[in-house]
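Same chain, two partners: chain A is paired with chain B first, then with chain C.
Showing the complex of A and B:
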């Protein structure tokens, strides 16, 4: 059963296409990470799924319904980001009690537990919270709502590393107890990959990759060593990333399956074969140039 | 996955209570406005008539709480404008909402504000009488019509309701009106507003 299904989904702001003919399917009860560079269309996609924005073109179905202006989708989903606004007349505890009636699966005990654990001041208004605390508080809403579709747009913005770890753990534990579909968008893939099942990589509004995290980790390998030796092996193959070191040394990232059969030879030629982390790979895949930021300085 | 059917009315009602609690601060402004208006009507009165035939001169000064009603109407208009601001719209985003339920709960909020403003401004008329009874020279007060009948109280919130109706018509155009929302423009009927001036009028005669 697919919770989210979209085909040729397009959203344009004037001439700019934020989402460009995107077709994806997100299965039920999975934690999907939405990864992409700044401006790649992550937030736009999430807002369309949550029903805040209307697609310009294409079909988008959430729980088999069009999400835009749909009460049904709104009732079964929650969208958490750091722009959430609450009335100033509410204290933090007020917000937890007032928002609760809207979400059928809301767990007051969990909300209270997390609220106390992160030691918030119950009398504080939401607008006075610091950036990190605001993200933490909003995340509490996201977790405690136990909404069948929980969407979090960069939930960890401003959180310190201790809080981030606690947040990931809390999310995972509650997810295991009450499975639901969760979409997280984040830049910190290295921290997030522990809890993600699938990764959806966006690049300029199009889908670059959509596969399980385990497969992504195995997708590519790096080869490092003498430039000529390295090039002889990757000649004619698609190079995902290339970085020059001093003394004629070269580091190249290629798809694993392209050179898998040559691993022995590569090792014998004195080259190193290194695993590529999912985080780095995503950066390489969405880079504008093959050499990264170094290219800028070369020209100068 | 939830298969629960969304119930528009119950959700609008939840939103209504949420918004009501969220906007209690608006009440303080109403109270301040009414006190100010009460002060104006106490100091200024609303009309003066005098006549004389050479030997006897009669001057008649009318005090009326209609200024309070006027200011309360102004308050409702301001509330209605506030309901269309971005700042206000933002607070409904974290909730379960669509445009129709948002409009419905706004209608409810505006109605409550109108009824409240209507009743309090009528009561402000009573308050004006009380103040005058204890501070003015009682022998000069014309007591006729000094007690506010219930029907006037009713009229008070009807008159505010009329403006609310106008607001509703204007306010809903502010949202992206889609066909489903058209029906609510006529949700409250027209009420006569013409008699409101007689609402809390009484006389102070002096010879």
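Showing the complex of A and C:
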């Protein structure tokens, strides 16, 4: 069953199309990573799914309903980001108590367990939390709500690496016990990818890729070595990325499928075949130029 | 396909190989139940779909088999099978490297074959 389904979904801010004719489906009980460069439309998409923003055009269904102004979607989803605000007079404990009735699957024991583990002060007001602590606290709400649709926009902003690891593990363990549909947006794909099932890569408001992480990691390979030899193998093939890293040497990234049958010949020619990380590949695929930042420094 | 990317092996392959190691060391014995995808997901902090793919590799190679409603179990000859498989894979890799080194050193195919024959003869003579 698909929890989220959209067709030609569009959101414009004036002349700018933040989401541009996007069609996707997200199946029930999967953990999906929403990846994209700054300004690629991640937050806009998530806010439309959560019912915070109204689409300009196209169809969007969440649990088979239009999410905007839908009580049913509100009841069954939670949207976590670092801009969540709570009444100033509430302490952290007050918040944990007061949010509980809004979420049918809320686990007070899990919320309390995580709250104590991360050593929060029960009497502290939410507005006084540091950036990382605020993200951690908000993430506790996200996990403990056990919402059938849990959406987290950049949940790890400001968290130190120890807390991030704990957060990923807590989320995964609770998901294993209580499966639900989870969407996480993040810039830290390399940290996140192990707990993801699918990746949705956005580029300028459009879908660049939507596939299982395992397939993404095998989508492309890098070939490195003598420039002429490298070029002879990739000639006529789409080059995802290329970099001159030493005199007469070249590093090129191409789709694995296009070149797989030549792997042995490539190695016999003394070239290296290297795996391309999911993180790097996403950057290459959404880059404006094929040479990355180095193109800026090219002379003549 | 032979790739020297051991450290960058896909996660599910690493899971499959770890399980093979557990079978070889008899931490999990033949006819015993192997970890479920959920147990593996929790142990390694990975998505259960990734763990399932690792288990499926073993199932495809008949190292484990499914008992309906009970989970996956280690096949009767799993240990021997893994040993044989690993031996042949290591040998293939060594031969590949041998061929590449021979090419780099301009050793022709017939020369290489002669060297292999000679090595085998020498070994047989020593054994006699």
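Simple rule for what comes next: the second predicted complex is superposed on the first by the 298 of 300 C-alpha atoms of A that agree within 3 Å, B and C clash if a C-alpha of one lies under 4 Å from a C-alpha of the other, contacts with A are read in each partner's own complex, and residues count from 1 in each chain.
Criterion: contacts are C-beta pairs under 8 Å (C-beta built on N, C-alpha and C of every residue); 3 or more make two chains touch, one makes a residue touch a chain.
Because the structure is predicted, anything quoted here is derived from the model rather than measured.
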item: When chain B and chain C are modelled together on chain A, clash or fit; value: fit
item: Computed vertex angle (chain A) for partners chain B and chain C, CA, steps of 10°; value: 150
item: First, second, both or neither for A:57, with chain B first and chain C second; value: neither
item: Which superposed partner A:148 touches (first chain B, second chain C, both, neither); value: first
item: Partner chain in contact with A:245 - chain B first, chain C second, else both or neither; value: neither
item: Partner chain in contact with A:273 - chain B first, chain C second, else both or neither; value: second
item: Partner chain(s) touched by A:84 [first = chain B, second = chain C, both, neither]; value: first
item: Chain B versus chain C as contact partner of A:102, first or second or both or neither; value: first
item: Partner chain(s) touched by A:260 [first = chain B, second = chain C, both, neither]; value: second
item: Larger contact residue set on chain A - chain B or chain C; value: B
item: Shortest CA-CA distance between chain B and chain C [superposed frame, angstrom]; value: 19
item: Residues of chain B that touch chain A when the two form their complex; value: 1-2, 4-6, 8, 11, 14, 18, 21-25, 87, 90-91, 93-101
item: Chain B partner contacts - residues on chain A that touch it in the complex; value: 1, 3, 28, 51-52, 63, 69-72, 74-76, 78-79, 84-90, 94, 98-99, 101-105, 141, 148, 181
item: Touching residues (chain side chain C, partner chain A) in the complex; value: 1-3, 5, 8, 10-12, 38, 41-42, 44-50, 53, 99-100, 103-104
item: Chain A residues within the chain C interface of the complex; value: 30-31, 168-169, 172-173, 176, 194-197, 212-214, 217-218, 260, 263-264, 267-268, 270, 273-275
